[in-house]
Amino acid sequence: MSFSSQYPILLEAVPLAFAALCPIVGMWKRKLCFPFSVAGVLATNFFIFSLWGKVTSTNTVTYALGGWRPPFGIQIRIDYVGLFIASIIGAVGLLVLIYSWRYVSHELEEEKCTYYYTLYLLLFASMLGFTVTGDIFNMFVFMEIFSIASYALVGITGQRRAVRAALKYLLMGATSSIIVLLAIAFLYGTVGSLNMEDIAGRLQVGGYTSVAGVALVLFLIGFAVKAALFPVHVWLPDAHSIAPSPISAVLSALVIKMGVLGILRIFFTVYTPGFADLSGTWNALTQAVAWCAAISIVLASIMAIIQRDFKVMIAYSSIAHIGYILLGVCMLTDRGLTGGLYNILAHALGKSCFFLVAGAIIYKHGFRRITSLRGLGRSMPVTAGAFAVASLSIVGLPPSAGFIAKWYILWGCLQKHQYAFVVMVLLGSLLAAVYCFRVVYYMFFVGPYGDGIDEAPATMFVPAASLAAGTLFFGIFATLILPSLGSAARALLAG
Amino acid sequence: MSDLVSEFFLVVAAILVVNAFLCLYRGAAGPTIQDRIIGINIVNTKTMVVLLVLSTFLGEELYLDIALVYALLNFVVTITISRYIET
Amino acid sequence: MKLKAMSRTVRETIPLALFLFFLWLIFTEKTNWEHLLLGAIVAALFARISFFMVGGRLDPNLNWKVALRFFPFAALLSWEIMKASWDVLTRVFRPSLPISPRIIEFDSILDSDIAKTMLANSITLTPGTVTVEIEGKRFYVHCLAQEHESGLLEGKLERMVAWLFAEGPDDMRGLR
Amino acid sequence: MGSVAKDVLTVIFGLTGVLFFIGGTVGLLRCPDLYSRLHPATKCDTVGSCSITIALALQIGLDIALFKIMVVILLLLVTSASSGHAIGRSAFKTGVMPWHKKGVVPWPLKGEDRWTGR
Amino acid sequence: MNFNRIAHNLNYVSSVVLFLLGLYAVAVKPNLVKKIMGLNIMETSVFLFMVSIGMVGSGNAPVVTEGVKPATMVNPIPQALILTGIVVAVSTTAVALSLCIKIHEHYGTLNASEILGTGGPF
Amino acid sequence: MDWTLNLLLLMLLLATAISVIRIKDLLAAAVVFSAYSLVMAILWTQLRAPDLALTEAAVGAGVTTVLFIITIYRTVRKED
Amino acid sequence: MRKAIVVLALVGIGVMLIYAVGEMPPMGDSGNPDKVHIAPRYLEHGEEEAGASNVITAVILNYRGYDTMGEVAVIFCALCAVVAILNREKPGLSRTSMDVSGVKASVVVRTTIRFLVPVIIFFAVYIILHGESTPGGGFQGGAIIGASIILFTLAFGLPESTRKLPLRFRIPLESFAVIAFLAAGFTGIVFGVHFLTYLMPGLSEYAAETIRHIMMMVIEIGIGFAGGIIFTSIMFAMIREDQCELQPDSP
């Protein structure tokens, strides 16, 4: 077996190894933790991006762990969507890690830094594992790792509100994990398999359809909590606004996307759309999710407008964007699905940029009120500029990635003649414009202007600026990935 | 082992479980925390004996290890609680 | 000097290692040579580790004589335990519940930790008495009824334990 | 020993064990305070489990499982006595007064301060 | 509903009841430690459910010994999965309890309605 | 008979779970919770899962209960 | 009001679940879907394919070894989380309220624990080493080791325990389980087979089986000791009380 065919497993094993070695390195020399973890993430990125060529040529890359044939052993299955999300994880993870160096050494006690990097690497590794696995129980295990790591990272500062938010997050997250496990139990009891494709094949055969339907509902509830969909989003504003800013960025950009990915996998890989006996339940559930998503767009945007705290506003905006993504997915047209997937990219870049900017401002000045952002456009030009560019993407204006995503989502809604959703998406964009440009207004057009430039350190503004540049890049050169994303969406819809 | 004896042991196990029920009343209702610990301690001992009986009855010696672990961990919990109460 | 200390360590570890090896034989139920070798290695290793954990020998008062004397002691003790349980059983089933508990205290002749532990455990397991506290040499015992109290103060158990560990004044030792 | 005699002995020992266990339960439920509840808890249960073990041992015969059961029972003897003591001590240290009949002095009171501990 | 079969699947039914009890504790009980206990009860109920799925009537433990045919053994897969599940449960519990300790340091109470304020679902 | 034992154990399990939820004294609830784990373990021997019984006895009755007790002693004991 | 809503939702979920349970295949039937698909192969060939007569061990170490790697990562993650939230104990400075109160454990308890701790740890090691043929395995043994160390701490105090198990000894052991798993996996990669394959190609049958046996045992030992040390560290971090920290070690 050639070394390059081992890449699918090295993708998760390498960051995990770095995570396991990190405390030992930290025990030896605490300063070395940061370069060590950067090395780990860089190596992982190498493996991720080396896989692109293979996946685009063969559509799916599979890897049997332990050499066992798929239904008997665990299988890693990397399709286009999985690799797409894995690449986002790799890139955003690297930038945020570089960003967190100064931030963490400023905010945390020295003793906690080692464990910050360890938990970060574990989070990173487990998200990658979740993305590429082809086995539902394995998915659950990785879900638990990144959940526990993110509970801890939310509360790592040990401050009053941080611990509270972490516990709130933990109670909801653990409940949802149990519900997912229950769903796995139901599904296993009726089909006797854990491999996703194998389950799909055996569900087609039929038998015990109603139990499988209940399992589908439970899966949906569980992953919806992880993704912070409308009725169960309550943990998100607290957790995302109070966590350390780099962690907020990762949580908003990547971790809630894992819930979306879970829903995608369940809807399209396990319970395929062409599934005859359950199609009634399936369609009803997609409709329900679409409505929840649409409601969360409008509601979360309104909530974001009335916030005074900068980070809470960004957190509410995340809920709205999860709504966009799921709305696009649940339109069940190839355009809508493409738009939803593209919005994962656009939102990951834009939202992590937002949080990094917020972190830089907190690092420099220590305030979080929107009204106190006055004049930052002069004193911190790069940071504020990055915010302005990223807000284009969040609002969905050309020439940004968010525009392409929203355009496709709208197109999907129009294909299905769902005009109510069109109105809600447009309303959501309008509201987004209000809350984003209010901040931009305060930054650039309201005095008093400070004297001279007082910029954040380079390791902080460079990641933010490059994320903002990324939104523009993927807006202008959208054709780089849109066609293959479209074909991936068609493949998902075909089952 | 004759059928009669194995039936007998099953009856013994069932009686012990019923007994454990009654002890649980003390565990749930006992006025002081020590009362509860005593009740739960008895429940645990009974559970352990039920395990011994079951392992002999089912002819699986595997369960003896479990009984041993019970005996040890019952002790751990009791000592932990009483040690914490007395300080 | 160092060698001497080492040899002492080894000598004191051996009984524990043998005991652990015996336990290993009971646990594994297998007698092929791989398992025996594994057992020997693990027993030696863990005897050493526990030596380190408890900071020296398990107890300085333990020796082979005590181990030999333990068997008659155990036989007597189990007879006492049986009597005790029967007594408690009859009391519990009597509708009038004939108990009149009180706490008594007495000074023991025993000195070492292990002897006190043995005495306390024996008291706990025998007629209607439970040791509730030991302060130095002073024992506080909860008695269920008058008979138990006098039985305890007679000191039979104490003499048995004193005999077991060869402690206390000579005239107080002995099995009766 | 004939098989029938063995079975009869087994049943006798088993019934004794059950009797002791029931006695423990009844004692636990009937006794007035926690100190007196400790007595059935530590004694009757130990004897009951020993008795049932003998019944089991008769059925198993001389086997390695028998040794294992004996290890369990030895452990039970040691731990039940120690944990009974630990529970009693925790109550005594926190100043729980023993229940007593009228006219009986429950405790040779030496200093009042012992009872005012936490 | 298939009541006959519900009565037959007693383990399933009791695990559902336990699940609901745990969920009730998580959602309604004000004390955080109680909530975590409810979480644990929920987890064990799911474990019970899953292991019951793999049960075979009058089967044997899945350990290869002489005189036991593989056909009469119970299904080992749920047991192996639940082993992982127990580890996950105890890890979550440990993290949750350490957060509780930290919360008590800051707030001096573990009452959820005092800490989180009313209005949230938890 | 097997079925009866199973039923009894399930009832015991439910009874322990209900008392865990109902008891106001958290320390007592933790103690009863350890009994819950032990009953669960015996149920698992009934379900022919010795590995799980061992794990539940070691983890549920040992580690989890000890963690609960430590937490309760560092925080508050009475539920209010 | 809120309670009423919750109860209503619970009733809804309960009805749904009871309905699903009623539709499930009858319990204990050997013709159920889960018993005809994958399980028979594990049961029939588990011993020779995976090298463990306890089929559960075969499944968790071999067929689904990747899950177990995740499981080990979960406890490692939990340790990091607890330590990041509560901080490590400080060597020689950390105390518990028990140590400060001056109430020593009863002499009975201390002596009993002194005798029991070696036996318990030894029993745990037996459980760890015999996971292949009898119930038990790394994780269970680890939990028992953790329990025995907590007993030791209760009897002799936290300073004594942390002196016996210092941080520089515990930190490498904590990540030992993950490292052992990954090392087994990377050995496979070096030999050019899939990750977590235990049978190496190009060796004689006896050598390959011996190597497999050794690798599985190393993993079990790794999980066991790392698990025990992880539980110990979690408990130390939770027991330690900050207000007692400033009192120096007694000489």
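Just so it is clear, A, B, C, D, E, F and G label the chains in written order, and each chain counts residues from 1 on its own.
By definition in this document, a residue touches a chain if its C-beta (ideal position, glycine included) is under 8 Å from a C-beta of that chain, and two chains touch if they have at least 3 such contacts.
All values reported here derive from a predicted model rather than from experimental measurement.
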If you walk from chain to touching chain, how few steps can bring you from chain A to chain E? 1
More C-beta contacts across B-F or across C-G? B-F
Which chain has its C-alpha centroid farthest away from the centroid of chain F? A
If you average the Cα atoms of chain B and of chain D to get two centres, how far apart are those centres in Å? 12
Interchain centroid distance [CA atoms averaged], chain B/chain E, Å: 21
In whole angstrom, how far does the Cα centroid of chain B sit from the Cα centroid of chain C? 23
Check each residue of chain E and list the ones that touch at least two other chains. 10-11, 19, 23-24, 52-53, 55-56, 59-63, 73, 77-79, 81, 83-84, 87-88, 90-92, 94-95, 97, 99-102
Multi-chain contact residues (two or more partners), chain A: 137, 141, 144, 148, 151-152, 155, 158, 163, 166, 188-189
Going through chain F residue by residue, note those that touch at least 2 other chains and give them in order. 2, 50-51, 53-55, 58-59, 62-63, 66-67, 70-71, 73-74
State the interface residues of chain A toward chain E in the complex, per the touch definition above. 137, 141, 144, 148, 151-152, 155, 158-160, 163-164, 166-168, 170-172, 174-175, 177-178, 181-182, 185, 188-189, 194, 234-235
Which positions of chain E touch chain A when the two form their complex? 19, 23, 26, 32, 35, 39, 42-43, 46, 49-50, 53, 77-78, 81, 84-85, 88, 91-92, 95-96, 99-100, 102-103, 106-107, 115-116, 120-122
Write out the stretch or stretches of chain A touching chain G in their complex. 1, 3, 6, 9-10, 13, 16-17, 19-21, 23-24, 27, 63-68, 71-74, 109, 111-112, 115-116, 118-119, 122, 125-126, 129, 137-138, 141-142, 144-145, 148-149, 151-153, 155-156, 158, 163, 166, 186, 188-193, 202, 207-208, 210-211, 214-215, 217
Chain E - residues contacting chain G, complex: 1-3, 5-6, 8-13, 16, 19-20, 23-24, 27-28, 52-57, 59, 61-65, 70-71, 73, 75-81, 83-84, 87-88, 90-92, 94-95, 97-99, 101-102, 105
Along chain E, where are the residues that touch chain F in the complex? 10-11, 14, 17-18, 21-22, 24-25, 29-31, 33-34, 36-38, 40-41, 44, 47-48, 51-52, 55-56, 58-63, 73-74, 79, 82-83, 86-87, 90, 93-94, 97, 100-101, 104, 109-111
